[in-house]
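Labels run A, B and C following the written order; every chain starts at residue 1.
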């Protein structure tokens, strides 16, 4: 019996290897290589102004936690189940000295010390000392609450960054937790895919020319449609790209974007105004399949609103777009979400335009292995003299 | 390079062991230690008055079942898929002699015997006898349907309890399936967490003083806010606590709550009226992560409504409360649900006020191991002369 | 101590073996026995008229795929993540030469060849040739798009079937993707249970007498309530049953239903009009727990609407029926869904009326093992001379 022919079926999807992701550089749970690397740094976990009467449930680096501020103003970050009998600290109430469990009234301070056990009769200091609620240190800066979730003997300084350390009296720093930077808006703060997809997209200046310009229309400044000459280079804190564009009117611009370990970035103004970038963002893994972003922006004192809002398309917000409109004009959200909860690195074809992505992954893997070998990774500092860090991102015009 | 310091980070949540639950005393599926212990007893599974034309889908002890009443009045409890071709008996219809499968019309009686196979041509008694629908015995008492899901040769008597066996002509027994006793209401009958969290809370008189009084305001009688002297003691059927309170007006009361194997309890009147408790409740595991409650209460013949409704808070029912209102005034539902689907016993710190909880778990484990060793557990009886059981819970005033 | 008695508890559900399904004849993923058998055939995957501007997401045989038609009219079927960086091809746009990824603009033709990589600078033919998007061949016939998802060297001819090859000028073929044939309607195209439950129901003429007649009232023609004499027999393409009925008015009818490998069927007109069946259907597994149906029907040229709509019950559509109405009058949807995502073959009791079901499973298993042994299964043809296939189903009156 004659058989089918193969000559027109090369490249068939039949029998291909099931795709998979690279766990080493993406997964963030306790004890994982990337998770332990991430736990050597301070991460922003909430905006300071949100800490009020009611404790806040958070999930950070695959750990469920409760964030609160006691009535003395101290922020605290503890595990979500009372160390006594597992009652939910999300239902606790804050007092001057700490937070009180609703079930049997145990009171804990912001470092998890048990201060009261009202049903135990007379005070039992030894038992009470053993009843310590697990906690993580937190500090506040730039309107954000930062947490350190790593080994106690590895707690570094909470860094400062130059653009936010020399404000004039007419300026302020505006923090934000919305998802504008990844194509969402203020309706979504939990971004449902792995953090690395978002971070490495930052080192890919070419998708701006296609996705945000040719394919979906000008989502940023129309001049972004010019194909740039790009080079990527190491920095002290991570890596940068410089994208050089020659505009039709003769101007030339170098756009420098900077990513810093473990998951920071400074992206210059997308309206292409010249000068040093005055905003910075953090990608904070919620767990392996989700992340959040926090941004700070230096703004005039009288500024109101959200600095990072991208231009609305179709006169409507992203969250109001229909499925058809998102198909017509996809943005970062649609693309990165479409890569899957964690993209399948086994099924990629990186080319020369992906040099930045490949370089970022390589550098990330190096840092992860440094931590595994017992060293401190880049950007983890214990000496105040090295702060603040310089960033140096921006849009720099050669001829203006 | 200098490193971070540990001196202010003791008790950190970093590196803690992943918490886990104690499976031996919580999980109830077929073949599990606690599941086999539970299967030595009769359990209420539905209110008798609900058995009508339409079969009822139930899940009990991790088994899916169909409960029905044939048109001759007999209740039956069978597996949910027809033994012929797996059709759903939830779509069956009841007849005088039993229940008929919709797919090919096989008729089964309440003991699973196949009575008709209309598509098989002339009757084939031998084949028909092999086609027996798996079933469990059921009996009705106190307005409830009870099932025995254990080994056929271990079926005990369905017990009776004294407070419900000597009614006057002016009294009746009111059965109920709502979740008032755990802080819910009639809108939720499936309680989404492990049965043991609910049961052991019954042996914890101290949470009444904090949760239901000081923390969330008086959810029961205001006098419950008085801190009691408590002792716990073994009983023939399980264990009791006696909570002794001295009220501001000089009265003194002993409040006795009784828990009985495998998952029964009699909690005295929460309005603190004196005398023997006249209600009793069962906790019935749906599966490892869910349970139901059934209660019976002795009431005047002309009583209408539900005996166990707790006082509404804020002039609204629990199911109408907002998330903020539940945070302001959490009750048993919020606390026990917040402990998780099964609480993590590995991450607890039991103190002297938890003596009852510890004792209940120890006694439960003993019963479970008795069954594993081939013995009959406490409260499983085969001799009518031992019935009815006495309970003896109540609010007893010393000076009144 | 006396024990319970067993004499009235035989057949108890206690201790029964956990039921399971027969994976060999039901599961369809890549590399599974039945999945590899299924992959030797062409399957319809969508109606041709639906291929427009926007790519269509499909799941077939447990594989996620993107179906599109380029602006030159060619249909294409590719994997859903761009082979470059995993971007979602569901957001791609079609052009004259193929389909373009939104992220970096790579353009692929319908056979997955990469035609453009706009961000890579000057063309790199060798790299571009390696960047082939995995694809499957598709062909169109009868208003349907067919795909071959098997080994390239095993691609057979896309078959033709006699009833659809000799249309008169006044006739047309009407394709449809709704779920009427399994008791649903046009609101559901994804049928949430394993394909085999639906297929083997076709070889069970007895459920028509009970489910569709005696139990739920006449869901088809009232004369279907007559109990038939049935015989089942092999055919060249699969198997048939002949159901012989003697109607009260003296007429006699042979109803012949034909199932063909891998998952085709031709069911005669349910209104019992005489003659050869002029419709045919395919069951297409979505994955192990879901399937779709596609039907074609030969109809007059001026026919409008859907040929397979069954008579509405209660003057309302299936999708408008309440849960109580579906319990009163269950149909194929309720029964087959109630068998579970995959029915438990270990807990069945097949009788003489199930001869067709048993025979179909046996024949299916034989075909699956043929493929495992390297042979071509029934109905896979490489020689045009054997086409079109005859079907021969229909309602044939002996005396009319």
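Everything below uses one rule, namely that contacts are C-beta pairs under 8 Å (C-beta built on N, C-alpha and C of every residue); 3 or more make two chains touch, one makes a residue touch a chain.
No experiment lies behind these values; they were computed from the predicted model shown.
Different-residue interface: chain A and chain C share under half of the residue numbers found at their contact.
Fitting chain A to chain B on C-alpha positions gives a rotation angle of 120 degrees, to the nearest 5. For the pair chain A and chain C, the distance between mean C-alpha positions equals 46 Å.
Touching of two or more other chains is recorded for no residue of chain A. Those residues of chain A whose C-beta lies close enough to touch chain B in the complex are 30, 39, 54, 63, 65, 78-79, 81, 83-88, 90-91, 93, 100, 102-105, 111-113, 117-121, 124, 127, 130-137, 149-156, 376, 382-383.
Residues 1-6, 8-16, 18-19, 206-207, 209-211, 214-216, 227, 324, 326-327, 330, 334-335, 337-340, 343-344, 347-354, 357 of chain B are the ones that touch chain A when the two sit in their complex.
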